[in-house]
Amino acid sequence: MENLQYTRNWKQKDIVVAIGDTRVGRGDFLLAAGPCSVENSRQMAGISDILSGTPVKLLRGGAFKPRTSPYSFQGLGEEGLKLLRQTADALRIPLVTEVTDLKYLELVSRYADVLQIGSRNMAAYELLKEAGRQPKPVLLKRGMAATVKEFLYAAEYVAAGGNEQLILCERGIRSFDPEFRNVLDLNAVTLLKRITPFPVIVDPSHGSGRADAVLALSLAAAAAGADGVMIEVHPSPGTALSDGDQSLDPDRFRVWAKQLSALARFLGKRI
Amino acid sequence: MENLQYTRNWKQKDIVVAIGDTRVGRGDFLLAAGPCSVENSRQMAGISDILSGTPVKLLRGGAFKPRTSPYSFQGLGEEGLKLLRQTADALRIPLVTEVTDLKYLELVSRYADVLQIGSRNMAAYELLKEAGRQPKPVLLKRGMAATVKEFLYAAEYVAAGGNEQLILCERGIRSFDPEFRNVLDLNAVTLLKRITPFPVIVDPSHGSGRADAVLALSLAAAAAGADGVMIEVHPSPGTALSDGDQSLDPDRFRVWAKQLSALARFLGKRI
Amino acid sequence: MENLQYTRNWKQKDIVVAIGDTRVGRGDFLLAAGPCSVENSRQMAGISDILSGTPVKLLRGGAFKPRTSPYSFQGLGEEGLKLLRQTADALRIPLVTEVTDLKYLELVSRYADVLQIGSRNMAAYELLKEAGRQPKPVLLKRGMAATVKEFLYAAEYVAAGGNEQLILCERGIRSFDPEFRNVLDLNAVTLLKRITPFPVIVDPSHGSGRADAVLALSLAAAAAGADGVMIEVHPSPGTALSDGDQSLDPDRFRVWAKQLSALARFLGKRI
Amino acid sequence: MENLQYTRNWKQKDIVVAIGDTRVGRGDFLLAAGPCSVENSRQMAGISDILSGTPVKLLRGGAFKPRTSPYSFQGLGEEGLKLLRQTADALRIPLVTEVTDLKYLELVSRYADVLQIGSRNMAAYELLKEAGRQPKPVLLKRGMAATVKEFLYAAEYVAAGGNEQLILCERGIRSFDPEFRNVLDLNAVTLLKRITPFPVIVDPSHGSGRADAVLALSLAAAAAGADGVMIEVHPSPGTALSDGDQSLDPDRFRVWAKQLSALARFLGKRI
């Protein structure tokens, strides 16, 4: 991989990303969870109940939702950011949420602790460059058909701007089997862990599109060497306005948090 | 394809896109050509010589280049837009060039006759929505791993804003064979032609990544029912700053223009 | 492509495949058609009516059907071969049919003029080697996820046995869009035509899985440089025991034969 | 998945495959290892040294090698089967080796304890049907572009013949990133474990093509719920006649056996 500045040839030591008291990488394993999109305060109260007292150390959730159809629910906007912030504060954990366009960067920065750049925007280079100038950690998701090399170049766009507080997230690639929305690519995780200093986490919710696969794939991600797992959870997935099929319900979430924590500890990680 | 407003169920008649005197769709076949990126005035003079007196009715070329690596040539910016405008004016044909981010929309609009939204931005919904409010035609390229349905939804983002002067462009999808940069998907063209009223053109330069495949694939695109073909050409592909492998040299270009025009006329199209 | 004996570096001249009076390659363009599978004598009489007096010069049809499910119709076996032979004789054109396993090679050889090796068997090397020792032309279909290089190596398995009467057939590759069963890969056709001496034909029926795409893709294949097109046709596609969705009905077939012949002639081919 | 007889709707209980004293499934976790192809007695003595005293309970190795190129090493044939048998006997573990064609079935059966059907032959239905009549367990590998549904139908071809002693093996699917030979599809493993009663093992050697990814992917497979892992090992990978890049050397093998056993035990499996 020629011309990549942030590879093991150049930077020998793993970068630890610090978000308040939450740490990711170099032995610190991250559990991140939350709804696909913020819907209303009642839903977020339910999320708060679910996450309270668990090892989840980062709240995820979308206020601006990039949706395939212009006629689908597009998110609550700033109202959603406020609900996310309140929930994170009540849980005393930091918040990651997506910046869907450069024009929302300032607004989202006022509420979020970590700026997420989504799969559709992995190659939105102006956004990447500006994210590289922010004083906040960035969570960069791999494009749905991006090679590992293209993913690393996207990371360089951020890091070259001076922001090395960067978390990479594998979230599934497009493939031919209609049984799954995407195929989780743990091959990529093994390669990323060897050649980049940035922490690498995995999103098995998008990586499969099926709630019944999330636990097994979360455990697999941890075993493959990932530095964390980020999933979608919902008090009542059947009524979710987006991504209900891949969201864990409260019962499944409890099993997930327990088993994933236990495995991570067995693997020598700190939770 | 539920919820799509711009399908044959709703709009029965093909939309013709008019760009000055150039027309695309409903029997008018478009030849578009130009360099991948503008490099300097000497190169553009060469382009002018190549295109002069040919049936090419739209100049293409990039001033802002979205490049995989932050360390690759990124385009000349506004200086490039000026050179493109001068070349188009000298040739008396309109100009299409890419808007890589919403923040460049106003600047690019001052120079371009058609606003191109590239593959990497097919799902940049804020950009699509704003393009839908512009008084200029839009050329929307399919994402490299977008389904036809997702492509049509992206088109809806533009059209829903009121701008029905929209050209769709198939430019190859990602696949497994390293012989080609992408695989040109003419299946998609046949489907698009049946269910959308927008003109559909094909870019076999990106659709193959190989200059030696461009002529044959251009002819194939015309035969498959496309409303036009857009290619990359360069006075000296071996020295091009980007995409040299897929750019036609002047000799290949002449054969291409002649054979493609002849085939399009045989198929009953106006050139 | 190292180690390939049958590339343009070694054999400069196109190989013409001769099947009785039918010729394929070096300017002779082949139209091949027939049902997916032989069902009964009434269906075959219908096929005979459809093909009679048309430029179709090769009858295709399956007697041994490799089906994904063991519970689907598996073909009529030798009874089917007899019906195919009778139909071909009545039409005075040669017959191609598939050898699904080495153990059927002798039986199929008694009836067929051309031995087809299907996509699922492109890497059935024992079958390929034995086909290379037969005194009959072989039609080798590309595997559904085979690279061009793997396809050419499979061709070498046949040719290395001494049988250079070999036709290659592109029939679509697996991809991510559920709209189509496969994506027809005309990029591969352009590459094959430049580097292999064997005639290359295209199967747009399997290459799309949709009857409404077959005509446009057939024209595209001819324009891309293919030496022929092979399609599925059925007197009554709605009642077909296999592949009804991709089979042309008699009306569509007539338009197909007429338009494809006209285009091939325009391109300078003999029909 | 309509018409599948061997799904959880029909057969509620996991099938255990018994190979001598080795058991796979329902809590018994299998470690299988051996060379890609048998080369000579010195190599096999090296293999014996490596595997001796480890938890590996099944020897793998190829005597008939299906190779992409007819000019590559094709395996030692019966001589290779003899060497494999001797090695397995010396190690007192059973042997799995591939039947590449129906015509070798009887010969291979004389030496092997488990009959492997390789990826290229997943849809070789005559071979599958005959394997269904054998008195020996069958190890069926997923085709490189087969959907889970197609894989299950292939399993039905075997089981419908009466042989329910069947192990399914995920070994990677074809994708777009040239960094890896294949992408290991653990999504498929999670789905197979829920809907089929057959044990499911994983081959991360072919699933990545890289020795440096095998350990991490083996652990991931176990964590995802697989019933075993099968890998390639070689006394001196740099000199291997096939698949050297993906074969573990003795040092890597020791770490692999130790860490995988420990993880499987942590997950509650018997080794």
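Per-chain residue numbering starts at 1, and chain names A, B, C and D are given in the order in which the chains are listed.
Definition applied: a contact is a pair of C-beta atoms (placed from the backbone, for glycine too) under 8 Å apart; a residue touches a chain by one contact, two chains touch by 3 or more.
In this text, all values refer to a predicted model and were calculated from it rather than measured experimentally.
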{"item": "Most distant chain from subunit B by Cα centroid", "value": "D"}
{"item": "Pair joined by the larger number of C-beta contacts - B-C, B-D", "value": "B-C"}
{"item": "Copy pair subunit A, subunit D: interface residue numbering same or different (half cut)", "value": "same"}
{"item": "Whole-Å gap between the CA centroids of subunit B and subunit D", "value": "48"}
{"item": "Inter-centroid spacing, subunit C versus subunit B (mean Cα positions, whole Å)", "value": "34"}
{"item": "Residues within subunit C bordering two or more other chains", "value": "145, 149, 174-176, 178"}
{"item": "In the complex, subunit C residues that touch subunit A", "value": "174-176, 178"}
{"item": "Subunit B residues within the subunit C interface of the complex", "value": "145, 147-149, 173, 175-180, 183-191, 193-194, 207-208, 212-213, 216-217, 219-225, 263, 266"}
{"item": "Subunit C residues touching subunit D - in the complex, by the definition given at the top", "value": "3, 66-71, 100-103, 120-121, 123-127, 129, 144-145, 149-150, 153, 156-157, 160, 174"}
